[in-house]
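Labels run A, B, C and D following the written order; every chain starts at residue 1.
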Amino acid sequence: MIQVEFLGPIGHSDMQVEASSLEQLSTILKQNPIIAPWLDKSAVAINDEMVFRVDTLLKDGDRVSILPPVCGG
Amino acid sequence: MIQVEFLGPIGHSDMQVEASSLEQLSTILKQNPIIAPWLDKSAVAINDEMVFRVDTLLKDGDRVSILPPVCGG
Amino acid sequence: MEIYEGSLDVKMIFGKWLDEQSHSNYGAFIPFVGTIRDEDDIDGLSFDIYEPILQKWFDGWVAKAKTQGAIVKMAHSRGDVAIHTSSYISAVFSPKRRIALELIDEFVEDFKANAPIWKYDLKNGKRIYAQERSTPMIGSGLLG
Amino acid sequence: MEIYEGSLDVKMIFGKWLDEQSHSNYGAFIPFVGTIRDEDDIDGLSFDIYEPILQKWFDGWVAKAKTQGAIVKMAHSRGDVAIHTSSYISAVFSPKRRIALELIDEFVEDFKANAPIWKYDLKNGKRIYAQERSTPMIGSGLLG
């Protein structure tokens, strides 16, 4: 199981998901009508490290963060 | 008569000079061994306006300032 | 890196950073202070921050500044911040002015593009995500 | 434009400028603070200022900033300033950050090159013109 958290304005509570790669996670998240519209413009972190490849593998207990567009300052 | 003042580190008191152009003033100042070494690297103002042409004319009562290299801050 | 609830006390933070570095022999100190403008009929802005990744982003800048003999500082608000008050200060201290002027520009621009902070307009009692002013972070779209 | 005898009271000046503009609706405020470094065995620096031309130089910058909706501020010391204290602050207030970041850079660099201020090292009780760090102003050499 991995945990997925949705930061900032996405407004969805954390999810527990079975997925062994970001590609699998993508397939699952695309089925959720609240989350799907954010995926094109959101960045991804695993255990608070930004990741940049969709073939990144996931392991049990990983925490994936979905980071929508930012505007600090 | 015009008045010439030497700013910052030049260390020369004001001079009263007869000159009707900056060219004439240049000829006079080059004869002064304290002032001459500064002329190549100094800027010039007439009545507190910076000037950029050596054929600028001078009139009675003008005040010419000689501004050596600067370093504010 | 300093996170405060609500508006920043700009004078206090500025004074604190100055005092901390008063004998560090930095010749140039450039803070950038961001203040909430009265525009679009907002009452203020509100901010969410994801601190673990913000801290890593900031630590990367500390390391980058260090290679140039400089240091960076940052303070940001969390929650609601009224118009005409400040939500963001960043700063560079460096031995020489040229490095400080270049670093503050890069630091502030990278902050706007990549710090994990989300902005909301406060308007008529609502908190509305500032979608059109927001920027996807580097690497966005991985799951899209 | 503000000229002070000796070291600047940086916190006081920073606070005063902030207070003056607290409701002007500028979103970005960037001060540049110049502090005397402990180097070359100096006890401090000393400054001569020719105020009439400095004022005109500054007025030109006020006008230039205004065309971009911004304002500039400046404070400088006259006379002796000890190491680890400040002799120079300039600042830009502007509605938006990009203009502020660009203006502060140009403003500070033009100040270094063209403000009629002369710098001296204070060393062993002597006041020595900082010749090798000084720059001829635009248009220099007219009489040479």
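Note that in this section contacts are C-beta pairs under 8 Å (C-beta built on N, C-alpha and C of every residue); 3 or more make two chains touch, one makes a residue touch a chain.
Predicted model only: the values in this text are computed from it and were never measured.
Touching subunit B and subunit D together: no chain.
Chain centres here are C-alpha means, and the one lying farthest from subunit C is B. Distance between subunit A and subunit C, defined via averaged C-alpha coordinates, is recorded as 25 Å.
Between subunit B and subunit C the centroid-to-centroid distance comes to 49 Å (mean Cα coordinates, whole Å).
The residues of subunit A that reach two or more other chains are 73, listed in rising order. Across the assembly, subunit D contributes residues 34, 97, 108, 112 that each touch 2 or more other chains.
Chain pairs that touch, as defined above: A-C, B-D, C-D. Within the complex formed with subunit D, the subunit B residues making contact are 7-9, 22, 25-26, 29-30, 39-45, 48-54, 65-73. Taken together, the subunit C residues at the contact with subunit A in this complex read 34, 47-50, 52-53, 56, 76, 87-88, 108, 111-120, 129-131, 133-144.
Subunit D makes touch with subunit C in their complex at residues 10-11, 14-15, 18, 22-23, 25-39, 84, 95, 97, 100-101, 104-105, 108-109, 112.
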